[in-house]
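Structure incoming, see below.
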Amino acid sequence: MASGEVVTAGEAGTGFPIQSISKVFALDMALSSEGDELFKRVGREPSGDSFNSIIDLERTSGLPRNPFVNAGALVVVDILVEKLADDWQASAVAEEIRERAGLARIGADDDVLASEHEGGDLNRAMMSFMRHHGNLHSDPDEVMEAYVHQCAIVLDCCGLAKAGIPFSRTRRSPDDEAADARARRRRRVLALMMTCGHYDGSGDFAMRVGLPAKSGVGGGILAIVPDVASIAVWSPNLDQHGNSILGVRALEMLCDRTGWSVFGPPLVSAAA
Amino acid sequence: MASGEVVTAGEAGTGFPIQSISKVFALDMALSSEGDELFKRVGREPSGDSFNSIIDLERTSGLPRNPFVNAGALVVVDILVEKLADDWQASAVAEEIRERAGLARIGADDDVLASEHEGGDLNRAMMSFMRHHGNLHSDPDEVMEAYVHQCAIVLDCCGLAKAGIPFSRTRRSPDDEAADARARRRRRVLALMMTCGHYDGSGDFAMRVGLPAKSGVGGGILAIVPDVASIAVWSPNLDQHGNSILGVRALEMLCDRTGWSVFGPPLVSAAA
Amino acid sequence: MASGEVVTAGEAGTGFPIQSISKVFALDMALSSEGDELFKRVGREPSGDSFNSIIDLERTSGLPRNPFVNAGALVVVDILVEKLADDWQASAVAEEIRERAGLARIGADDDVLASEHEGGDLNRAMMSFMRHHGNLHSDPDEVMEAYVHQCAIVLDCCGLAKAGIPFSRTRRSPDDEAADARARRRRRVLALMMTCGHYDGSGDFAMRVGLPAKSGVGGGILAIVPDVASIAVWSPNLDQHGNSILGVRALEMLCDRTGWSVFGPPLVSAAA
Amino acid sequence: MASGEVVTAGEAGTGFPIQSISKVFALDMALSSEGDELFKRVGREPSGDSFNSIIDLERTSGLPRNPFVNAGALVVVDILVEKLADDWQASAVAEEIRERAGLARIGADDDVLASEHEGGDLNRAMMSFMRHHGNLHSDPDEVMEAYVHQCAIVLDCCGLAKAGIPFSRTRRSPDDEAADARARRRRRVLALMMTCGHYDGSGDFAMRVGLPAKSGVGGGILAIVPDVASIAVWSPNLDQHGNSILGVRALEMLCDRTGWSVFGPPLVSAAA
């Protein structure tokens, strides 16, 4: 909650790999250093296709549809590698998340780290394809290592919700230029979460839940109630699009009861 | 404004054909009679393709991606034709809009009415294709006539903004079931406007403007600030996606100055 | 056989609707009147897609890939309708086939004639789509009637093989301009049968059988051994591409034993 | 000519990189060791798409459409690498071609060898994608080296025509099992050249020339007149599909004058 209050239920202390939810944090870092230049290398439109489709890449000559499909997230990592240069390390995103969550240390999931060999070929295919089109600048191995590292980050719902709090701070600050720029950047990230955060299930999620959110195949979802709260849910069973079935359902019920939705004001009783 | 105040600038009294903006009203009517059953016949996901692409239809076996691509809007009309049966008339959507706008009468654009012959073949192709897949029940000629009729509706910005006001009334009403259901339905419509309202430019619009909105190739855009305002802009020059270039820019500037965005609270000065 | 000899086995006297095999005769008629101008309105490349895919049409802006996919065959009919004008009648192709087969009369399959309503919508979708792109000139209903009529033509294997004999007469005639032009046109038709005659199973058929041929969903196949023979086989069970399973197998065995293949000389024993 | 006679015109002694023409020889080698098992890993259908499209690969889950699109040729090389194992060397295909052409030595084009870095990424993308689907077994770097090596092979028209002679020897040998199997295998290769040899220009080539042939982006084309001749032409200007413009035209004129076409007997005067 914006008030600082933490409300939990269920296995809020069980860790899980945040997987694609990490893409939101990586995007925020890249946007903060690159600004809108970033959108010359990655689109901002929902894709009609699956999160790991390579067809879209051929249609758009190597420009990923948005920063949340795999190809787009790889370009975001590539931008970070290039920007941070000598200061770059594969754990940069993990470090940022650790700080936002206020944790002393942050773990990584061994299975995800090891999965590079399985899922790795598809991501490598997309990197080679984008490299062919001049849209991948760094060493693919380095990008791959960083990408896998950020997907493997382990958090529990408490930690994830805390790490997401900055995204809920979207109140404009007309008298503080830096703070105002930050608020506007976060609104942009939320807009992308709203239109692209659940792959080809984003439209359904927006209709049912009405909040900007990002899912990961680890079963977690981070949802933001602007100016109000940061919510994390987790349940490992996934639907056909790769989104947590019970996670979406829980958010749908929560939002129905509280009235939380960007498309209207909260229920008065809930805000009380 | 929710306050009932009307603020205008420029040619707010010049009429233009609302074209695809009519799809929002038709959807609201169909949803109010069909409920979520409607989504068995039309999807709710943004399409990666153009608004008149027939490729998507083959991939999904005749199920349009969402109610705002042409194929989806045709199915919505088909549903209305079927539902209203004997009470149906091609002017049903125009009549609804006329009432919402509080107008004594509402006009139609002759060029749009005549355009049936040009654009008509493509829409007929999609209708035949959906009919092949069992997703068009009424006589295609009847659906076509109603569709063209609703696209041809002429409003000025004042009238369009007024007609949109009900969409801004999304405050939940726990003590009034019918009113609550209406508020929830409108939130759903707003969610679809947010993710699909600007065709394959929806992601960009969400990021730049941050409001649910629907554009038409007549150059108009209807944008909703939930619980606050209904905004109509118009300028005929279109970008590659079929959205008004200056219309989007105007909304972007307005929202930047007022802080209006579903992703954060309005600027205090603007709200004052 | 070029010798005039007729060799039969099995149910050679049982009639079946020739369906898409009629497209070869219609193409020959259109080519004979239009010449290569025809290829401005229909391509000559194998399609990677199914015979009734509408996706290809969107990719090529309404130009069908080849004269044997449904959309291409409809354009061929459209060309005949336009060319023959007042002399046109829906039975023109049937009449041509009747003459080639040396029959007194030729029948039509009632089920196929009635099927217009089922398969009709998909073909209508393609016609509307091509009309939108200016590639269908006549009344769609007239084209449709003629198309269904030619698909419904009933022949037995004897009749079909006889009707195909002219296609086997590809010997050039340097001293007779008209005959030479005819031989060259037939070679072009055979080339199209070779690369496109079995839809997305054409490559497999070419490899297994090695002869230009055209299949129909009625289970028939017409295969041509240039300068040697015209072969008709029939068996109703179809594979996933719409080609007769046993028909292809029979041709494969026949060609293996005789050495008949355009990719090499026949076995001497077979030629004896 | 089958007679052993060599007929030349123009720059028949100028070398050029044979590029994709090498795929025919590699396929012949792989087919001779693998037989039809090969077609479990690569299709045999013409593709409606470009020779380096990755879209087809996603549609078919990593099974290339045919052995002549780049992805298919890479799988063929992969099969050779795996089959020959310890005996494998990157020059295996070059060595085979050198022998068939009766040359003491065979050169390689430096530019093509160096091009691995440019075109390399796209081929690497396809290899990673196929690896993801279990359809690439060897080390991609090894496959890539061999593939580039075979593309870089330099021959003049004389050498290429000679190397192609075995493909024209398709006369069946009922009394010699090994020879008969060889003839049948070559007929299969010719069938693939006919339906897939000129990428998405194969249908046009079949209609205009009427011979099985394979083109390369080096401007060369190898055409086979079964049982009669092996023809090589070269001219560097390419059409949109990557086929030599003048090379195709030369073959078209030659075949028109000689009557050479698999779709009919040669002109008598030409055979004299």
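Each chain gets a letter, A, B, C and D, in the order it is written, and its residues are counted from 1.
Just so we're on the same page, a residue touches a chain if its C-beta (ideal position, glycine included) is under 8 Å from a C-beta of that chain, and two chains touch if they have at least 3 such contacts.
Please read all numbers here as calculations on a predicted model, not as lab measurements.
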Farthest chain (mean CA position) relative to chain B: D
Result of counting contacting C-beta pairs for C-D and A-D, higher pair: C-D
Distance between the centres, which are taken as Cα means, of chain D and chain B, whole angstrom: 55
Chain centre separation in whole Å, for chain D relative to chain C (CA means): 30
For chain A paired with chain D, centre-to-centre distance based on mean C-alpha positions, whole Å: 47
Residues of chain A whose C-beta touches two or more other chains: none
Chain D residues touching chain A - in the complex, by the definition given at the top: 53-55, 57-59, 119, 121-122, 124-129, 131-132
For the chain C and chain D complex, residues of the former touching the latter: 43-49, 56, 65-66, 170-172, 174, 183, 186-188, 190-192, 194-196, 200-204, 206-207, 210, 212, 226-227, 259, 261-265, 267, 269
